[in-house]
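Naming follows writing order (A, B, C, D and E), and every chain is counted from residue 1.
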Amino acid sequence: MSEHIAPTRTPAFEARLKKRYAAEKRFRSLGLAAIVFSVAVLVYLLGTMTLNGIGGFQRAELEVPIDFTQAGLSADPATMDSPQALQSLQGQGLPEVVQYFAQESLGEAGAEELGAQAWRDVAQAIIDDPSIVRGQETFWLPASADLASGYSGEGSQDLQALAAELDAAGKIDKNFDAGFFSRADATNPQQVGIWGALKGSMLTMIVTLLLAFPIGVLAALYLEEYAPKNRWTDLIELSINNLAAVPSIIFGLLGLAVFLTLFPNLRSAPVIGGMTLALMTMPVIVIAGRNAIKAVPPSIRDGALAVGASPVQVVFHHVLPLALPGILTGTIIGMARALGETAPLLMIGMRAFVASPPDGFTSPATVLPMQIFLWSDEIDRGFVERTSAAIIVLLLFLLLMNGLAIYLRNKFEKKW
Amino acid sequence: MVTVVHENLEDTDAKMSARDVSVYYGDKKAIDEVSIDIPTRYVTAFIGPSGCGKSTFLRTLNRMNDTIPSARVEGDIMLDGEDIYKSGMDVVQLRARVGMVFQKPNPFPKSIYENIAYGPKIHGLAEGKDELDAVVEKSLRRAGLWEEVKDRLQDSGTALSGGQQQRLCIARAIAVDPEVILMDEPCSALDPIATAKIEELIDELNGRYAIVIVTHSMQQAARVSQRTAFFHLGKMVEYGRTSDIFTNPLEQRTQDYITGRYG
Amino acid sequence: MVTVVHENLEDTDAKMSARDVSVYYGDKKAIDEVSIDIPTRYVTAFIGPSGCGKSTFLRTLNRMNDTIPSARVEGDIMLDGEDIYKSGMDVVQLRARVGMVFQKPNPFPKSIYENIAYGPKIHGLAEGKDELDAVVEKSLRRAGLWEEVKDRLQDSGTALSGGQQQRLCIARAIAVDPEVILMDEPCSALDPIATAKIEELIDELNGRYAIVIVTHSMQQAARVSQRTAFFHLGKMVEYGRTSDIFTNPLEQRTQDYITGRYG
Amino acid sequence: MSLTILLLLALGLGLAGWLAARARAWTFRKASPTGRLASLPSYHAWYVALWIVLPVLVFIAIWSAVAPGLVTQSVLAAPAADQLPAFGFQRQTILNEARAVATGAAQGVFNPLAREFVEPYREALSFYNWIGIAATLVIAFLGGAFAFLRLKPDFTARTRVERIVMAILLGASLVAILTTIGIFVSLVFETLRFFGMVNPIDFLFGTHWAPDPMSNPENPDATRYGAIPLFWGTLFIGAIIAMIVAIPLGLMSAVYLTQYANPRLRAWVKPTLEILAGVPTVVYGYFAALTIAPAIRDLAVDLGASNPSSESALAAGLVMGVMIIPFVSSMADDSIAAVPQSMRDGSLAMGATTNETIRRVLVPAALPGIVAGVMLAISRAIGETMIVVMAASTAANLSANPLDSMTTVTVQIVAMLTGEGSFDHPATLSAFALGFVLFMVTLGLNFIALRVVKRFREAYE
Amino acid sequence: DNSAGGGSREQIKAVGSSTVFPFSKAVSEAFARGTQFASPIIESTGTGGGMKLFCAGVGAETPDIANASRRMKASEFETCQTNGVTDIIEVQVGLDGIALASSKGGIMMNLTPKMVYEALAASPYGGEQTTKTWADVDPSLPAEPILVYGPPSTSGTRDALKELILEAGCKTDEATKALKETDEDRYDQVCTEVRSDGAYVDQGEQDNLIVQKIEGNPNAVGIFGYSYLEENLDKVQGLPMNGVDPTYENISSFEYPGARPLFMYVKKAHLDAIPGLKEFLGQWAGMWGKDGPLAKIGLVANPDDAAAAANAAVTEYTTLDGSELK
């Protein structure tokens, strides 16, 4: 055997080896490229949304200095506390006062383009601090939607010219619009806010969580720990796995046919939306829960059983606490998906114009993604930026939730 | 009965006794008509090649087999003359009376204190904190672990070394005051020093509890046990005093196994 | 050198030799300054208690340790006088020259034929179907498996019994014509009959390849090997002719281990 | 208002029962010579508490359905009732207003007539409130007494409590089946109605989709209900274009992450990729419609297409593909990770390079899992709604040109259900038939995928 | 607080047409601001979906108002009747012009309904559709390929397109017109079916996108509601029809052929039951005038006679007798 040269030591072998290494390199770079591409798409998506949306947090406002001493308004602090304060100010002619000073400051054409509801901002300022009616105050009041688009270089030529003129005089500016976070839907892009939709989303998510979490966790425990292996449990398993993949719009059809038939007066209500989304989220929690429960090593169950714990005690004393981080991670991810869901809600009446934030689980509401969908369909072009701004808010929530899930996963990653 | 049982065992009284016990996993017979008396005062060792059914049989003794859906037991197993497979038998209580220690140490991922206190708590064996503290201390002392851990009872049980973990598991079993302790290869995951400690501990516990130990090390069986049962292919081949089995086996298969012909 | 090496080993020429090899997993030293010559013509057995580093050391010999990110090797290992850890060393070629068989049979989930043909194909050792067929047949014959599988070469390798699978893995290693074959407890997952077959096979391969076998069964080491190295706590304690190690160990620890004092 | 009171009452009574039973069990324990009970005192406590709370809850559920009727009845006995309008809704409004004032939920009334009923309401409400409270007390007492009397030292309270726990667990897992049945039922009736108007053969195999919601619903033109173009559009966008993007990218990402990337990179990249799956589809839709679709159109123009559609199947498919990447990659990741390490070791020990190991051993071994993952991803893609609603068109074209506009099943469901047609028109009902087909297809895909995954897992267990 | 199971509702609820949606929203907003009543909920369900909800019955769980971009159908009226919605107030709130437009500086044509019909019909006058360019339709038109972005068959705008333009164009052929009497189905098909070979692109409900589409393609023609044209006059230009430009005045006077009425149906039974419903109708009336706020966002005011009828409807609450519905 000594003269035999192993085939793995021939020059031919080594030549082939070079090629194999080249192939290795190519393959590896392909893998890297796939990842780089995917991440790049994500960055591009988030980037464009952010760039488009930043402007949505601002609105074009006009400078209107008001000299209240000339206006002769009375703002008795007592009346200013009552709910009728606004009416009182309107009755005293505040709108006209604002209009007058607007003409002084902006000229005829400019004042025309002051939003018809601009005086309300002034009224609110007076209600907040009645003492200002004894002095002079400079207000930045929202411009009309048309002037606002003129200011961003769109819309009619006349208004673009007017905007340029006002800009030159420093009387129009884009300011941060804090009200965007406290108002609800409106028809005028200058007046819209996302609080209504956000609150609707929160109410909906609370319902979803309250239903999906306990049911999901209990079902996961049952299936993983107690269920005998028979046709029934196979059926349960199949339906859960299937529900996790059923198109979300089908859940909308279910909500329409079942929930809205049972509770027709709760159309558009967060409680119905929440129930529909809970059915969608529950299987996600069950599956995540089962995986987390499966990851608890059997030796721990054995240990507990061997000191005489009953199966229920084993689960509630040992398995559940250990699986909880995993279950929570799954729940957060499921909830994040529900938070971004639109399609099923189209079917159950949440595609609605709701101009005031919902005040309970049963009052009509819309949700953030639905608000985005509705705004994306708006005629007025001022909505384009507002839509992107709402998207940013939604994405922030989702990133937060995902981040929390990742944090939980890393923190509690158990090695037994 | 196919088993060869040495004659000189009558002096012992049986804590547990199995009669014609067969165990199936689905259709597969893993234990074939085993009959044995587990004496009250001695350490009994089960030896035999891998897969011969030692663990399976051990787990029938406190019905841990119930957790395997496919497992099915035939024949009778008595604890103090009471059939543990009779209907209406309370498995929870049975397992409190017949404790078990596993191959891989499996402390709960809780504090050392909680590990020991868990059994007494769920069985209501201790009232109030003081009594519980006493039980914990006593069990840890018996398991020879007290000195090593008394200052860190709140540390996690999983933070101990492998040998300490195994002693913790023994202490956990002791804490509910069992009558029988089953041990399934308790040292096979441990290093030699930890193994020696456990063997010492078994020696000390001997006489207080009926102890059954499965081991793949014949030397260990020879060192710690007074009775040895040799299993092969699901059957119990031979059962007798440890000294007799190792010096004077009656069966050829036993002879071959202990001299290393196979396994 | 802490190792006791028996004096009468000079006659053999070394296929591989290790000099002061230490292996770390992260900060933990799993192998501590081991030096050994693996002879070309004999079967060398590594024995020692669990966790003493036998597998770790074996895997340094064909750099399978590279696949464990935390593992780090110090010292020199030579194959035919060439340092296999030198930079520029080709691992692919090394592993083709130093084959390995694992504890659990791990045939690829492909046909029996494909399992054997895999190595020759990726290394381009056979041109055309006929040559490949010949290599497959030759390897299976050498592994003593040909008669059993020749009619079902297209069946999946995983459909074979455990012992057949392990022989298939040996045949797979043989197919690329290696110079050294490393075996890590190749029989520990097998039943006695399959074990006997593998031992037979090792006997037959002996002389054609340098073979290193890790085993936890001292009897097996005694049966199949000509050289034995005893490892303990990461150190090689003693190395010598198998007959000498078993009958006349020079170290107390070796003596204790082979007589079953621990492990 | 009274509902909360009753619920609080129930909880309070339950707590009282809990404490009493526990104290009782302790006395047993003190008395017992061994100091051992069959069950811990706390299980005795729970046993009694459940016997109090569960019957009371049942009562409250029934009571809250019955009581308002009783209240209204007694209010209608008031003299002013004659003046109430006959029309139920209007009458109810007035009564509700009165009720709101009576309970303090509202200050004043909108309809003056309501004022007459405030006082009767107040009386009836408090009367029935007291009745409810009394009944609750009685029921709680009966349940509690029954349970309490059963307590004995050897009473196996734990087994009984645990039986209830198990029943609750079983109930929770049945929700999934109920949901599935609910979906089936809510689709199947309308679907059958639709098939009563349009022959299923025409629907499933026809190649012309142009339902006219304005036409006479009596005799619909079945030739306009051929859903093949929808099925084709759905497949083309979701199963072909999206998968052409998602499979290679997802698979290669998974391979790189599991086999090449160092753990630190992996720890960052994996969650980052998962964000792609977490972005709401309405955002993708907006992105597709506003950014990708115009870009593709421009590109097509540059390439010389005379009249490219801007809702190309390509735009929706690309974006959907990006969304699906993490799906494929995590399924592939799992499957590759599920291939035992020994396979990889075996191959490397033969002298294979990493990519040879991946391509010839790992991927083939993981293939069933990967295929199942892809099938799940496809079922997700074909059910995706918002992206296509916002970025695909509603034109049912049967074309293989990705630059053409196409429509999908989900788009048509939304369009038909929110469209102009009357509700019993076959065009509207076709949405349910489409939903039904979609449901059955995803059910089938999942069924197969899960079986494949299961087989595959079993092979390594 | 509805645990008492009673049917009452605080807010007004309106459902229905997506075309009327923006106007309804505006009215709702003004109503909420100007009165003490809760802000009405306006849901965009499409006319058909709205009718279904509207006709399900009377009571708190059903909407008070259905917005419609077409007249109620006789079948829907019947459903309403059987479900107890007997007294329905019909209000024509205004007109929606549908406009044909191209991008500013893009293709400019003087069209007639006949030309549009011939260019877009699936089978003009029952024959084969062979036109490729506008010039194929009529030599006076430019020889550019026909490319029209228009509403989908599920939308009200499409219905208007069919009724106001295609049918009008179709009827110019006497033979086809006669078909209406003999074979109505065939007539419908010939006159209203739109070609599906790519020349007509069905554009989903997103009218905004149509604007973007034609903005990007100078040869493309878009068909959408007048409000979109009005909002985007800086980008697109309306195409004249019969020589008439799609302007506010021309639509309102019906001189531009593409105008259609928009409706609102109100349950009379709810007028007294829902707080503020009457005032809400008043709010509409206050806003739908020629110089009213709705006109600013694209609603074309009713011609005088219709305006009078509408004003009467929201003050006298006259109900629909259903006999003249189709």
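Here, contacts are C-beta pairs under 8 Å (C-beta built on N, C-alpha and C of every residue); 3 or more make two chains touch, one makes a residue touch a chain.
Being a predicted model, the structure only gives us computed values, none of them experimental.
A.B. asks: If each hop has to land on a touching chain, what is the smallest number of hops from subunit B to subunit D?
C.D. replies: 1
A.B. asks: In this assembly, which chains make contact with subunit A and also with subunit E?
C.D. replies: D
A.B. asks: Among all chains, which one's averaged Cα position is nearest the averaged Cα position of every protein chain shown?
C.D. replies: Answer by centroid distance: D.
A.B. asks: Max contacts between which two chains?
C.D. replies: Top-ranked chain pair by contacting C-beta pairs: A-D.
A.B. asks: Centroid of subunit A to centroid of subunit C, CA atoms only: how many Å?
C.D. replies: Measuring from centre to centre gives 59 Å for this pair.
A.B. asks: If you average the CA atoms of subunit A and of subunit B, how far apart do the two points sit, in angstrom?
C.D. replies: About 57 Å, centre to centre.
A.B. asks: Quick one: report the Å distance separating subunit D from subunit E, using the average Cα coordinate of each chain.
C.D. replies: 35
A.B. asks: If you look at subunit A, which of its residues touch at least two other chains?
C.D. replies: 8, 20, 310, 351, 376
A.B. asks: If a residue has to touch 2 or more other chains to count, which residues of subunit C qualify?
C.D. replies: In subunit C, the residues touching two or more other chains are 92-93, 96, 122-123, 176.
A.B. asks: Note the residues in subunit D that touch 2 or more other chains, in rising order.
C.D. replies: 289, 351, 353, 356, 389-390, 417-418
A.B. asks: So which chains actually touch one another? I want all the pairs, not just one.
C.D. replies: So, checking each combination of chains, I get A-B, A-C, A-D, A-E, B-C, B-D, C-D, D-E as the touching pairs.
A.B. asks: For subunit C, which residues are in contact with subunit B within the complex?
C.D. replies: Those in contact with subunit B are residues 49-51, 191-192, 195-196, 217-219, 259-263.
A.B. asks: Help me check something: in the complex, which residues belonging to subunit A touch subunit B?
C.D. replies: Answer in residue numbers: 228-229, 297, 299-310, 313, 317-318, 322, 414, 416.
A.B. asks: Touching residues of subunit E toward subunit D in the complex: what are they?
C.D. replies: Against subunit D, subunit E makes touches at 1, 3-8, 17-18, 44-49, 51-52, 58-60, 69-70, 73, 75-76, 79, 145, 147, 152-156, 158-159, 162, 185, 188-189, 192-193, 196, 198, 201-206, 209, 212-213, 216-217, 219, 269-270, 272-275.
A.B. asks: Quick one: which bits of subunit B touch subunit D in the complex? Just the residue numbers, please.
C.D. replies: The touching residues are 90, 122-125, 127.
A.B. asks: What does subunit C use to touch subunit A in their complex?
C.D. replies: 90, 92-93, 96-97, 122-125, 176-179, 208
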